[in-house]
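There are two complexes below, and they share chain A, which is joined by chain B in the first and by chain C in the second.
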Partner chain A sequence: MTTLPIVNVQRHTLSSRIAMSLSVVALMALIAMPWWADSGWIRWAVELSCYIAIAQMWNLLAGYAGLVSVGQQAFIGAAGYALFVLCQKFGVNPFLAVPLAMIVPAILSVPTYLLLHRLDGPYFAIGTWVVAEAVRLVTTNLDFVNAGAGLTLRVMTQYRLHEREVAMTILCAILLLVTVGGSYWLLRSRHGLALTAMRDNPVSAGSQGVNVSRLRFLVFIAAAVGTGFAGAIYYMAQLRITPASGYDPKWASISIFIVMVGGIGSIEGAIIGALLYFFADRFFSQYGAIYMVVLGCLTLFMAIYARGGIWGFVSSRFDAPWFPVGRRLVLPNDKGT
Partner chain B sequence: MQWLDALIQGVLLGGMYAQYALGMALMFGVMRIVNIAHGDLMILLALTGISLAAAFSLGTLSLIVVLVPLAAALGWALQRGILNKVVGEDPLPSLIATFGLSIALQNLMLQIWSADTRSLRGGGLESASIDLGGVYIGVLPVIVLVTAIVLTASLDFVIRGTRFGRGLRAAAADTEAAAMTGVNPKTIYAASTAIAVAILGIAAVFQSLRATVSPADGPAQLIYAFEAVIIGGMGSLWGAFVGSMVLGVAQAIGFRIDPGWGILFGHVIFLAALAIRPEGVMMKRR
Partner chain C sequence: MSGNPLLSVQGLGKAFGALRVIQDISFDVREGEVLGILGPNGAGKTTLFNLISGDLATETGEICLSSEKLTNEPPHIRCRKGIGRTYQIPKPYGGMTTFENLLVTAMFGAKLDEDAAHRSCAAVLRECGLADKANRRAGSLTLLDRKRLELARALAGNPKLLLLDEIAGGLTDQESRELVDLVRRIRERGITVLWIEHVLHAVLAVASRIIVLNFGEMIADGAPQMVIADPDVRRIYMGLEA
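Moving on to the complex of A and B:
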């Protein structure tokens, strides 16, 4: 009878320790921004944080749970509107209203999933779009939220610019912690094993004892809340929301582009993609329609020829994950790799 | 009387939706993929048709004769160039690829034709109507509905009764087994996409005659086609037709109640259908 050697489970690598330290530094720098950066930079940081968060949530949905959605804008708009209504109509403190506004996307996601999960893969995707359109039309017809004209966040005028900026950067730091950090934590937990198994093959994951349908349901709700969180912060920074902007299908294109170009099924991919999209948007959005044609063609190209995206290309050559979610077995007298 | 009128207008509107839905039902039935650029292709064909009609002063019929082969060629190229590379078990690649194509097409059309709305002149056909005891019925919508019925019936016949249809059903049921018995799935796929887009060529002419088109209109048409297919039952051609009628009537009744509610009513009926009869009105209960 052979005895198994005693092994240590190694979960961190040198690259992940560096990445982790850099992430902490970046979060600190983000929170300290009101004291070292000007308002334009802070606006950009808020925008970038929202892109990263929304893309990360879409990655969790499409990359792990196999739920391709083109209707996440439903939750962005719903959370944005919830925030504006809480502040403008009920006089709730705007910074307190952000977490309260999460209730709306959470509630909305439950019937959405229960109705749509019956639809086959591609039909599920368009189903989410129909839900987003329906929510947009309901909002457009509601006089209570000023119908198609939208709402303005007037209560923000009672705060000085500096106070607003401090609150916004702290909210963004929490947003990144919850969405990126939360995904990282989730994927390293035992649920992460189940999610990774589901990503690779849902049927065999099911036969290994993973409750695929329940996990999908939970991921859908979590992604709705995370996406809504980003939406609430984004429109709080914009100070204005209309049905056309809040429920804009452009949010779906942004998340798909970011995740597909960055690399689906990895945390690193969504971050790389978000950075790339953010800078592309700064430099090339002046070219208008032609820029969008290039983005569309690039998404098409990635889907046909490079499904792993940039991170897939990098990680197949260098074994240096920033956010390792796997486990590596190391013999105690071995110094590791 | 007002509701009878809404019902009739709804059925006629459904004729238009049936023409979009037919191609989508065919493609999903054969390849299990949904082309997100479905609506954008229709708008592309409509704008091309309007420009062609203006440049060569073509009449409605001759425009259809020119546009349909063009559409079929476009569908064939789409399948050969893009869809064949992404069709498979995993729905993600085909969704993302056609989504990218949809964004690219919309903005390309915006660049070429600008955001203006355009329409086609039909020499009085678009405004002609018949008075049926107080209910006015447009001649053009009736032609659209009759065309939709003829298209659905012919496609249904082709699939049920011809050699090509047998190959198509075989490829849909089991691609590999079909390939072993001498059916070339790639040819079947290309032919079905060519047929689906060719039908969009006809729909494009009618859409630009009865309403206006602009580059951003595609996604809405995609959603209507999708709703019709789901209400009717996935993959069934007559199901898609009946689904289109249900959607058209729901929207027409919604518009009568409040102009802002028309489209929303369609979405609500779709969601209700999903809750009550997810297998579609035309399908037998499992």
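Moving on to the complex of A and C:
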């Protein structure tokens, strides 16, 4: 057997090194917020982190695994409720309860996927919505979790505001590391290569050795856990959860808007979309129904005229990825970028 | 050519509703053989490939590779066991580069580690004339390059059996000759080839045996010159009087 010559493969670019440095600075700034920002800003940071995380998980699900879910609120509400129950009913430290609460969406995702995995496209989407509604109805009828009246996180009163803010910003930094950093790590790995192939052509990926059904199953569980993590943090910050808020279908709408407008199938797109939604929500939500109509029209416009979203538009003009997941073969006389 | 059967297809059958597209087809393919598959449109040639690669589930019959039964195995397992394939209508991963398209098969089909896959795919790209397009998005390639990519991607999986589905369609004479040379080199490496093709001179130049399908049934099986001279084949496939 002949030995093949060594080849050089480039995985980073100048733009990705800059983006990586800025990401580290942003995470440090987030953790340090209790010492330099007021409580209103910290609330905003928590909210934005949750939007980015939820959208990133939905992007992994719909943008790579081809599983368009409109029922991710099932995992948000389940993790939120798990956190409140662990703290209020079993006296678990709330900051320890956050990682423990992720067990519930992980467990819930297994039968959900096994039930729905034979469905395709719109049928799968409707199935996820039905499951989320079923979980909401079960929660509404459970006296153990105070039924439709919901739960309040009273244990948080034992901590000073500053302590809560320090814990929340650290949790948000971990959330972003796990969801955005985790997605980046996953997509750069060999499994990411398979996921990207699946995104482009699942039939072809199967015939080239990729176990499409197993990968979809694992992505579904990972997305449920990541979404649940964000849900637990979001409702911890709210200090209150009810079935109507925890399992609110608006979470699905937010995910779809962020990913479709930002750019499906890219880490950068979910971040851009989350920022856009966050600022639109801050400054235009006072316009009520008109604001929702504008967001809906923008999503529709992107779906028809710019499938790649904002990031797709930018990346088609400038080859400067923030989070490159590809492999560039460096050819002779090729200095790369 | 060692003469051992690499692929054995016995009593294969498939129907789409009331339409029987493959009917009780049986044949063996020996190691190192290049088997051409001919037949008019709708004869069931691509369906036969889909059954062998696992893209379609079989209804009756058995498929064995190196005496190992694969009939109920999913496509990714068949690929890992050594069945590589191309598609008649190319199915590249459009958002990935040409190089990355090959890496998927090398790392998941051939189970190579990352470094070995890089080296192997770079070599396959050179062999298939795609080295200068390694970093181009597959979705932006021309039809000819997409066909080359289909072949290169299948080769990246280091297959024992290669299923080629009309890769010469739309090529110029010069391109066809280059393709035939490439298939010869593939055969010389010991890879067994099943080749569906309408470009007769291309497949006849390299095939050691031909089978002909018509309405899902096998109507001829033998040496190329014998099959081409067969009155039924001339009438059904070539539209010539015997």
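FYI, the second predicted complex is superposed on the first by the 326 of 337 C-alpha atoms of A that agree within 3 Å, B and C clash if a C-alpha of one lies under 4 Å from a C-alpha of the other, contacts with A are read in each partner's own complex, and residues count from 1 in each chain.
What we mean here is this: a residue touches a chain if its C-beta (ideal position, glycine included) is under 8 Å from a C-beta of that chain, and two chains touch if they have at least 3 such contacts.
Computed from a predicted structure; not experimentally measured.
Asker: When the two structures are overlaid on chain A, which partner does A:Leu115 contact: first (chain B), second (chain C), both, or neither?
Answerer: So A:Leu115 only meets chain B here.
Asker: If you tally the residues of chain A touched by each partner, is the higher count for chain B or for chain C?
Answerer: Of chain B and chain C, more residues of chain A lie in contact with B.
Asker: Contacts for A:Leu137 in the overlay, against chain B (first) and chain C (second): which applies, first, second, both or neither?
Answerer: Once the two structures are laid over each other on A, A:Leu137 reaches chain B alone.
Asker: According to the stated criteria, A:Ala303 is in contact with first (chain B), second (chain C), both, or neither; which is it?
Answerer: first
Asker: Of the two partner chains, chain B (first) and chain C (second), which one does A:Ser204 touch, if any: first, second, both, or neither?
Answerer: second
Asker: Let me test your reading of the model: by the given contact rule, A:Leu275 touches which partner, first (chain B), second (chain C), both or neither?
Answerer: The answer is neither, since A:Leu275 touches no partner chain.
Asker: Which part of chain A faces chain C closely enough to touch in the complex?
Answerer: The touching residues are 4-7, 9, 190, 193-194, 196-197, 199-201, 203-213, 265, 326-329, 331.
Asker: Of all residues in chain B, which touch chain A in the complex?
Answerer: 28, 32-34, 36, 82, 85-86, 90-97, 99-108, 110-111, 219, 222-223, 226-227, 230, 234, 258, 260-261, 263-264, 267-268, 270-271, 274-275, 278
Asker: Taking the complex as given, what residues does chain A use to touch chain B?
Answerer: Per the stated touch rule, the residues are 62, 66, 68, 70, 115-116, 118-123, 125-127, 129-131, 133-134, 137-138, 140-141, 249, 252-253, 256, 260, 264, 289-290, 292-293, 295-304, 307.
Asker: Okay, in this complex, where on chain C does chain A touch?
Answerer: 53-55, 74-76, 78-80, 85, 87, 91-97, 99-101, 103-105, 107-111, 114, 118-123, 125, 131-132, 134-135, 153, 157
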